[in-house]
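For clarity, chains are labelled A, B, C, D, E and F in written order, and residue numbers in each chain start from 1.
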Amino acid sequence: MTDETLAGRLCAVGTPGLSTALRRRGYHDVVVEGVRPLTPGQRFAGPARTLRFVPFRPDLFAERGGGFNPQKQAFDTVGAGEVLVIEARGLPETGTLGDILALRARHRGAAGVVSDGGVRDTEAVVATGLPVFANGSHPSVLGRRHVPWETGVVIACGGVAVAPGDFVVADADGVLVVPAAIVTEVLAEAERDEGRDAWIAARVAEGEALDGLFPMNEAWRACYEAEPQRT
Amino acid sequence: MTDETLAGRLCAVGTPGLSTALRRRGYHDVVVEGVRPLTPGQRFAGPARTLRFVPFRPDLFAERGGGFNPQKQAFDTVGAGEVLVIEARGLPETGTLGDILALRARHRGAAGVVSDGGVRDTEAVVATGLPVFANGSHPSVLGRRHVPWETGVVIACGGVAVAPGDFVVADADGVLVVPAAIVTEVLAEAERDEGRDAWIAARVAEGEALDGLFPMNEAWRACYEAEPQRT
Amino acid sequence: MTDETLAGRLCAVGTPGLSTALRRRGYHDVVVEGVRPLTPGQRFAGPARTLRFVPFRPDLFAERGGGFNPQKQAFDTVGAGEVLVIEARGLPETGTLGDILALRARHRGAAGVVSDGGVRDTEAVVATGLPVFANGSHPSVLGRRHVPWETGVVIACGGVAVAPGDFVVADADGVLVVPAAIVTEVLAEAERDEGRDAWIAARVAEGEALDGLFPMNEAWRACYEAEPQRT
Amino acid sequence: MTDETLAGRLCAVGTPGLSTALRRRGYHDVVVEGVRPLTPGQRFAGPARTLRFVPFRPDLFAERGGGFNPQKQAFDTVGAGEVLVIEARGLPETGTLGDILALRARHRGAAGVVSDGGVRDTEAVVATGLPVFANGSHPSVLGRRHVPWETGVVIACGGVAVAPGDFVVADADGVLVVPAAIVTEVLAEAERDEGRDAWIAARVAEGEALDGLFPMNEAWRACYEAEPQRT
Amino acid sequence: MTDETLAGRLCAVGTPGLSTALRRRGYHDVVVEGVRPLTPGQRFAGPARTLRFVPFRPDLFAERGGGFNPQKQAFDTVGAGEVLVIEARGLPETGTLGDILALRARHRGAAGVVSDGGVRDTEAVVATGLPVFANGSHPSVLGRRHVPWETGVVIACGGVAVAPGDFVVADADGVLVVPAAIVTEVLAEAERDEGRDAWIAARVAEGEALDGLFPMNEAWRACYEAEPQRT
Amino acid sequence: MTDETLAGRLCAVGTPGLSTALRRRGYHDVVVEGVRPLTPGQRFAGPARTLRFVPFRPDLFAERGGGFNPQKQAFDTVGAGEVLVIEARGLPETGTLGDILALRARHRGAAGVVSDGGVRDTEAVVATGLPVFANGSHPSVLGRRHVPWETGVVIACGGVAVAPGDFVVADADGVLVVPAAIVTEVLAEAERDEGRDAWIAARVAEGEALDGLFPMNEAWRACYEAEPQRT
């Protein structure tokens, strides 16, 4: 399965089902807390590229903050279908990307950006069409709180560890991180569960009660399994 | 007055006027703090059904978390016009209802749901048309933080005590709890005040100054009371 | 330059560029934190009128809370093009303005309102067309938490000092305070920077890489300065 | 009654009883939240002197931050038995007084200091013997977050309004503000209640059950009132 | 094993070892967050008695707040060796027990009290000798925020579910909840682990390096198991 | 100057004076926020060794959490006089060091430990005599929230960037980070300022007023400079 197909199926099945399959494997803390889409309704999935900021300090900023710094390198080289994930220590009080960087990521074909910091030039970023999940908008430049430090390392974003290559899935329920090593099995399980839940939802929409149906007792399960598409 | 009529009038008069009438009676803390509508513009009112969650613990979840648990019982039996209110200890970091439960509540004719926890399957819940006020969206299942423990007891939701049968009113300003014993008098007072304020607002829209008008001095009051519909 | 022209240009250039120009002058903390527009897309600029609330106390409320109090005086006399800024100590849990006051401010021609407290009568306030940035909606009256104490003094709003006459600029990125004494030079510098950044953005949209372009190396700078409109 | 006698009796009766007497009069929010004594066991009472800080801004600091600024004026002139109360917007992240100011206040005979900001030179401040309630210690100078703005106005400290001349009482339970106009009656009521509660406590210490005793039923009340010192 | 023996051994082994043994069984969230001992160095253990408060509301307080209310019932009847655990929704801003109640609990022989709310009459409570873990001190009466609602139910305290009869262990590291059904096996495992860790600590105190010793490799393990008291 | 001499002088001059000298050079954010000493009165200084934790995830913990992991490596090899600084993302809700690690660091001659996470085995850690500044105590093992990821990199601790080799100074006012490149000049300036402030404090203790003395006017300055030890 190509990354593109995988991303499409991860997007389609959605974060709730994936979250449940991850929880069964002991992954209880894999949701990026506190971020929201700049534009409601955005959803994407793809492998992670990571970018780590450290707190602003004049000497460290002099060392790595100027010129073609790690932040600009990350946006300049992000691959098609990739998701750029930024560690900004949950601070909404400064921008962590702006319109020029968003344009570049869009041009490169990035699937999206997730930052647990703020967005600058919000309207222009929205206009690029690049999906962004962040924890707010702010007019301040990066240097108010951060030094762009390094790329390609394991980071913390919204309380979750993100490693380069992890799959990141973002939709209306939030942003989820799926380790690459288990993404296929987690996806398959989530699709199976979501299929079952969609069938239950259809019954409830027809007026059936939850009792015995959700979760299914033996009678309902027999009924469910008897349907052609399930066998 | 039927509950339906009452709910309609509570909705129409809105939470600000009701809040003032409650404050005059010593009710200073009757607004559910921190919740927002899933879809802007939603408003509803109705008597409360309550559902209490306690923090997740494996043994307690084994006892009451599976099968037709108190959460599912509450959604399965909520009455037409009722508002289901959930105590989730203000935690946004897990879902407290999802699409199947929302479908069922909608089918039962519930007026709405208020939860000081998160919503799962957000887009599907919105699609059911059931109005929901919560403190965020999250892909995680209930068991990440909660055990659905019991129904029909006095709970705390968003910092407010809610008893079964209290009237709950939700609109763009927030969610308000009105004890059933005083709902009629509170409603009447709020309607009278809102009528007066609407009259003042009309004068201000015409260009009158606030000084002497808001609050009304004797001259303005005489003018107000002289209008046919007020006598 | 009239205040109106100035306001128009401040609005057009936007808070990010102004924020950078302020930062160069040592103004690191001039963004009102935690406020959002009631209606997405609102933007305005203008000189500040200030209003200070202190915590509710029965005796102090008796002294200044009733009648034509400082809050009502401020809304009743706000000037055309002015921005009313309210110190509400960051508390979302009560209203700090409602529909009647908003109508009056709108009638007076106020450019907008910024409050680090809540808004009451949210839908009606939106309907007046007056742009408002606040930190939430709430049905409670002012007196739940505040006494309207005085106008025309230096206040704290969203963590920022605001003096009467400061220029306040609000857009999708946030609300920024610009001291009147430096507003002209800050504006000029922001316009120049934004012009340059827009030119860079256009190059990036055409597919140019960030490396060497953002920030510009000598080659790109020569190219930029060679354009007719830049010379 | 002299202020000194009054202060001594306020200290002796303590904040819990005073808080109850204030609550009966509608004063629900008169405790300075979030402050702690630098040295456990400190207690004091006295009339308030107030000092208001506003957020740091270079121009405002240039105007009032240097030289013999309002902060230094307040400490230099605080009266014997007075309590200096500082509005620091609840920020622990900078000092709001240091050892030199504490020495001066001690020399002037101040009863104590209450600040909802930090303390600098903690050990030296403790060594002066001046009782201080604050919300932490911090090595940074005032100018990191504040401009010392004015004295002698109504301020907010720890969420409470404090007016010059209010009585401030501080002990192990916290810091309480008592309006001067009602301090005598509130004190008398608190002393009466505390006398009764001490009597009840003595009974409980002897092994009596709470049922019927706390609160007292008629039998216990008769017993209490029969004691010589109560009649 | 009597409850008293059990409590003694739980106290002796301490919360860290018990926490690890609980974690191995899937109990990740069994520490009461945010509470501290009134007096440093206090430690206790015992079975839980529970008390649940709901948010203050005039009508509910009238129903259950006065007289011999559930709070007073709980303190009046707590058993020797028991730990009273109070759900106060994590609010430090009001007292949840005072000196009279503490005296009574002490007289009854309670092992201690855990409240995720405040303590009133702090010095007098300390003087009773009753160990109390709470989240602060406050002069306000219970009714500022709470109605004492019921006893003997499963509650949430400091983010943890506590059921009547659970074992509660409190020491300098915090307060831990151990379900009664597994307390014996958890205790045994913790004692075994702590014995091993004490042996490792002794080696480290002698100058051994951590590498290979913590955790133990085969050589060190052989050495450890060869000691007489381990075989 | 040896590191030991430097550390001694940094300790002696204290964090307030150093903080001011750093602020003059543009270092506004170099105080580790939110940490406190385990034992009041502890103070130390020394060059930093860094340790970075990332959020717990089963796969990452399997990779680096077991055996002789980076945390144990750091404690096993910390040098005499060094300060171990730990990035724990400000979470108090789990231990980040315990008694065995503290014993080892003490044996190695570490100057102290600074962690923006919790401490486990608090009493035993205190007993080792190793000075520790952390943000609380907690019985849980590291793995509840963290994977010990790497050492020797720039980290964020309490909101501040810390690079290996930075000087860390901890006393009753807090924990300060001084870049090695400027530590000598910052120290000299702080010593000079503290000498002057001590002289002023002595005058204030003698009864002099602040006006003209703090800051010094020309007359006082002449007096100060005329003293033998100042020339």
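In this section, a contact is a pair of C-beta atoms (placed from the backbone, for glycine too) under 8 Å apart; a residue touches a chain by one contact, two chains touch by 3 or more.
Everything numeric in this text was worked out from a predicted model, so none of it was measured.
Enquirer: Hey, what chains does chain A share as contacts with chain B?
Expert: Where chain A and chain B share a partner, that partner set is C.
Enquirer: Are the two sides of the chain C and chain D contact the same residues or different ones, given that same means over half of the numbers occur on both copies?
Expert: Comparing the two copies, chain C and chain D contact each other through largely the same residue numbers, since over half are shared.
Enquirer: Rounded to the nearest whole Å, what is the centre-to-centre distance of chain A and chain D, using the mean of the C-alpha atoms as each centre?
Expert: So the centre of chain A lies 49 Å away from the centre of chain D.
Enquirer: What whole-Å value do you get for the distance between chain A and chain E if each is reduced to the mean of its CA atoms?
Expert: Spacing between the chain centres: roughly 39 Å.
Enquirer: Rounded to a whole Å, what is the gap between the Cα centroids of chain D and chain E?
Expert: Roughly 32 Å, centre to centre.
Enquirer: Give me the residue numbers in chain B that touch at least two other chains, ranges are fine.
Expert: In chain B, residues 28 touch at least two other chains, as defined above.
Enquirer: Under the stated touch criterion, can you name all the chain pairs that qualify?
Expert: A-B, A-C, A-F, B-C, B-E, C-D, D-E, D-F, E-F
Enquirer: Under the stated contact criterion, what part of chain A meets chain F in this complex?
Expert: Of all residues in chain A, those touching chain F are 25-27, 29-30, 54-60, 89, 147, 149, 154-156, 159-161, 163, 179, 181-182.
Enquirer: Give every residue of chain B touching chain A within the complex, in rising order.
Expert: Result: residues 66-68, 72-73, 75-76, 92-93, 95, 98-101, 103-104, 107, 119-124, 137-141, 143-144 of chain B touch chain A.
Enquirer: Report the residues of chain D in contact with chain E in the complex, numbered from low to high.
Expert: It is residues 14-16, 18-20, 23, 28, 31, 33, 41, 171-174, 176, 197, 200-201, 204-205, 207, 209-212, 214-215 of chain D that touch chain E.
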